[in-house]
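The structures come next, written out as structure tokens.
Next come two complexes built around chain A: one with chain B, the other with chain C.
And now, the complex of A and B:
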């Protein structure tokens, strides 16, 4: 109250008495006669715009990736993405560039602030004349609207940290520390919480650059958007049905698996990665699958198909086989999958360690595939329990996806010793043991792993865990030909995590000989020589060594993880002769059809190298088989 | 003599934007008046419901061409209230500086405005060219002269460019030096006194009844100023006075303008002194500009514009676009009710003066 009075009092003092009129007042106007005119006489005079002026745009075409984000933010719809003919097509970019209609542009500069590559900027240019309205519709280049030498153009509004409109930092899922995760095979990366997932999904700009990179062309922006909208059933539908307008392209029946262990090539090209961290596409996918209870899957995803009377056999229940089965079943075919192992899943079940891919995740995906009507006959090896010809007689078409089941040996002296083992069978044993379905594998106190790829990391990290659980300490040495972490084929992330877990990595060494204790049949270690070059000038694998530099790595057991090979022994010679091979791989057409019309193939024996390629193979093979069975003839594509 | 109907506008030099009044006159006196708005109706409020939270930044300054920044400030402040975010200190000071600069520019414009209907074109030339100097600074700061699109939810888009403060102080000194000239040349001018004294008079009671705020109300002696009554930003941390007059006529309203400019200068000088360094904005939500969502809620934010209370009511249903945005244009009361109820009795040639000094701003009425 008193304050108010005070204020009023003050205002009393401040009260304006209108000024007294004066006869002489207007004469002051004469003063202006002696001043310089303020009018700028264009074109004789020019006025320079301010350094952050929002004038006409320029765009660096080398940097721009055609993501179209600028056009999506544009509040006036001034930007259209226009296809550029003859533009080189490569992953991570689209052959289109933004075109601006200056009849609409409001010069807000938001396109500049959100441009994912930083290629788009505004200039200080603001005067442009033309009688032709079409001239105001312009695809910015480095030369600008006035077509000048780039060096002569004064840049105006550019993005800075505060005007940034992208969200550059990835939200990391919670994960166990290395000291904790090394004590068990528990999946150490935790799923996103809802808040985390929605916030991560909010970083996507819906450009779809990632879709082109994904071998199966999953509908990434769509399912990320559904996460953002918190409509997980819709998100799941995008995962499992893909694009319904395009014959379900983009569907992935192993989304729960891929949400954990996919090689996520999509993230390598994610538009956000140009200036920040890629959207965590893989973890977002996992979030969807983990958070829709399986009971609700049918509800979210149903195919309306009518049953056909045709039957298809699939050999191998790895990703390729399961995917082909899923899509064939969705088309109404009767599908039987033959699997020699006791459980379905191939490498997903018997290779990839449990701490990356727990059984439950795989089971959830497979349960839905089976619910679609795919019958999986486990413990039935084709060639042993049922002949290939028998299959041929019983089914209308066959899809083979038997993977790379044989290990490769270094064949160095001593490598025939029983304590020199290959990664694949050992990984299998470990998984069976952890499931309580097999005996404890032999776990040495000191292990040397040969190999620089992800399989080597998997076995090294698995053994490190077993050592820690059994002996309380880790003693694993990993050595490989590649001389640097960057050169090693394993993911950098895997290498870092392995080191955190106490694994010693010695890159740049070639195995020479297994060393034994004198007079004992007991391995002492591995003798290696320096590898000076892995690939020759033709980029072919052709390692060169410097024999004068020698190193010994101590170990009671040596694991070879240097690659896998296919086992075609189940194929009768008659058919094998008709199939065309490229090295160990089978050649097919785009619809994964071999030289034998009723025989289709996919997965690691055709393309590889990962799960998602196998899934894509399964998808195309299903379409191929459908076309073949529909037409009863050869499908040429 | 019988009643005649005359159309005023929609284009007229004494008008800020297109607005029309149907006047029923007897002789040269208006008997009845009907405002005819809508010439500048572009459906802003509806358009806002169809655009992303950020995209609206390009739209809203257009609701008041002369003082665009109040739109940006109200929109941002309402969103910040709903999202419960704290805007960094520096950004708040910068916003105050922007709003006061806009005030200066708009008061300058008003000298031009009154020059039109009174035939004092020199006054218009002077003030428009001086206003341009303020626009120069806006250009330096925001990259644009008129539609700044500078205040955003969460703060402002960019920090001051290099040497901005020096330029700003120079400008303030210049304007301060110019004010006595305006006062002598415009406000002491006989023509102005003859034409404006006792014209378009309004009293406190009527102001309060129909909702006239700002200079209109202050010219009747009420020191009502939102910056004092309900301080936003840091208006409670600076010292300034609220000039008032008692006559309530056109001359009183015009005469208050230089006083107000002085107070704005005073505020800006203090802001420059008090503002800390630091970030100039904060995120109002996770994600990129395409995916900003404002939590469910409703808020009203108001500022003191040159024409009085200016406000935005923003309603969010938690989605990426506003559910509803309603704009309270400051001149809504005088422009619509005022024209109908107060204009009668005015002479035809005083109608432009009436509209101009009452601060009738067509775009903010039409929205």
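And now, the complex of A and C:
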């Protein structure tokens, strides 16, 4: 083959190749035009995301409590909590909801993993476009970013055990078993160890939902954080000084007491309780107070005060009186507290049993209050040892917090017998006896307690202990109108512990009469009839009975624990007539000022029903008195 | 191929490998993950030898090199994931190195792809691989000027705040949400999915 031929041939081949190519190639291309593309034609065609896809957020506004935990964990600062106007205000929630900036969000899902209520979720939605940057900032609702029917939204990423970011289980303090605790009045719940306290503190997400619920608005997240940092002096400062920028709001001079026996409403709303157990706020508070020696308190807590020349008298050294005294002293006033009993503390000293609140805890709190300059004059009853008018002449303002000192009787036939006694005086006698300041009270072998509240539990459990210590066995029957444990006003915890200690509880019975042994002045027991309804349609106390159902409870002694009433006999008629009463309680303004400008009041005679409300009353009254004495006029609030 | 072997025979085969490894490298902890997955924890001076051996007996696919920051223990854990195409089994070879002096050796001569995995581990954890001259070249994070971001002591929130200042939006997202929920009436405009 010549060279030329060779080249020609090659050319020919090439030509056919190019020919073929130019002929077929477009065809292939055209064919592809009619085939389905390999790529997905977003957004006309939607590709389902994986079941665990972390797409756009949705938030159930009914479930969300506005705690802001999602916003605090977000590593890109994408979530801002924004107030919702006109949202219903309730304890346990804040009127705000999270808003998310998708210009910042990295779709990590941590907000979903930590969401305390489980309201915040991620969907499998991921397609959205807009030219307007504003559209990427939104508040997720049930309808999501794309405003869809909730039933049409597929949920994506969901928290599971390994991505859970909350610690849901509470660290329980050590406590004595019922068989051991019934043998004495020793405080049966032990204090947290440091390890326990730090671990419990670490469960708090610092949302502050509890702060709104606390009547005194204690700085709970702040002191819990200080425990976590193991800075107990700082924690104590938060307890005793509260928020220094807000006139010490949140301070509680009876923190050692409250760390043991507070009704702890804060825990009922704790954010963690939605999916787990509430943070043990009360026990953490006790841990702080117990672990800073009293010698170091002054170091941790001092007030800048300039002395005034004004003097304030306080009547009653219960929580309200002591609290008012503390705050007034911190403002530089000269404070004298008058107390008819031999020791200060009111119900904390003479009512609450020792196994819940030992004297030493109360003494530590009171020692600091006295160190602040509050003078407590015990054994001086106003109206008996010094007249109210005398106080009026000697002082520039008066705060009364005399509590509910009178018992109430069922007044059923036979209740005037000396072995039918009221809970309060008996609790008082027991406490005096236990501290070696009084004779042994009468301890009957069989006791019937009437009442379904915490006071009934306290007296029943105290008597059970005394019976066990004296006779080796418990025989206490408790009966009340309320038909179930849930309906009973006592805490469920108290009821459970009482049952553990051997007390028999018979709810749903109304006392009818005291039964005596024939021809003997000796009580045999209590006759009761079935209680079918405690409250009427208007939720008013109005019990109804079925007299055909009768029950007898055996007992040599009957204790009435059905409520207390105030004793205003120390108030001269002249002043009593000027005060406005609502039922047995005194009406005041927000600063606890009565209709008489120089007279302020608080505690159970104004609000109640517990220690922390009394402390809050003392705080506000101190501010009110300060304002009154500063202006020497009326406090308008 | 992979499915042609059942779990029992794979497990038998793996048992043999463990014995070999033990005789060659002394103590080596094997953690069972599932029938075809085991984690091998080896001292760092034996890691390269073990990788070489495993490669030679069929565990030749290096799926990835990754790292875990054990900040409290002051260690970085390097993890090499090796896969065997013939029996479908995987070994996670793990070794702990000093967190304060995070240097290890490259394996790019055994697996060229390792160059990129090592760059990735360097970028996100700050571990250097001796012998990989490109180790410090940025892979994904351009102009990064902070701690390697997957270290536990890196603070993502602070980083976001510093590098991405908040912008203000001209809308009230809560107002919009209340309209969407039907709590109040009103109009909203905005982007749609159909563009």
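Throughout what follows, the second predicted complex is superposed on the first by the 598 of 637 C-alpha atoms of A that agree within 3 Å, B and C clash if a C-alpha of one lies under 4 Å from a C-alpha of the other, contacts with A are read in each partner's own complex, and residues count from 1 in each chain.
Here is the rule we use: a residue touches a chain if its C-beta (ideal position, glycine included) is under 8 Å from a C-beta of that chain, and two chains touch if they have at least 3 such contacts.
Quick caveat: nothing in here was measured; it's all calculated off a predicted structure.
Residue contacts after overlaying the shared chain place A:113 against chain B, while chain C stays out of touching range.
In the superposed pair of complexes, A:488 makes contact with neither chain B nor chain C. By the touch criterion stated above, A:460 is placed in contact with neither chain B nor chain C.
In the overlay built on the shared chain, the residue A:52 is in contact with chain B alone; chain C does not reach it. Chain A has more of its residues touched by B than by the other of chain B and chain C.
Once chain A of one complex is fitted onto chain A of the other, the partner contacts of A:167 are limited to chain B, with no touch recorded for chain C. With both structures placed on the common chain, the touch criterion links A:211 to neither chain B nor chain C.
Within the superposed three-chain model, A:135 lies in touch with chain C and out of touch with chain B [touch as defined at top].
Of the two partner chains placed by superposition, chain B and chain C are both touched by A:76. Contacts of A:314 after superposition on the shared chain: neither chain B nor chain C is touched. Common to the chain B-facing and chain C-facing surfaces of chain A are residues 74-76.
Residues 156-157, 160-161, 164, 166-167, 169-171, 173-174, 176-178, 180-181, 190-195 of chain C are the ones touching chain A in the complex. Remark: chain B residues 51-52, 54-59, 122, 125-126, 129, 132, 136, 139-140, 142-144, 147, 149, 155-159, 161, 181, 183-185, 187-193, 197, 221, 223, 228, 241-247, 251-252, 255-256, 259, 279-281, 283, 285-291, 293 touch chain A in the complex.
Those residues of chain A lying in contact with chain B across their complex are 7-8, 10-11, 14-23, 25-26, 28-29, 31-32, 38, 49-54, 69, 72-76, 106-110, 113-114, 122, 156-157, 160, 162-163, 165-167, 198-199, 201-206, 228. Put simply, chain A touches chain C in their complex at residues 43-44, 61, 74-77, 82-85, 97, 99, 101, 103-104, 127-135, 137-143, 146-147.
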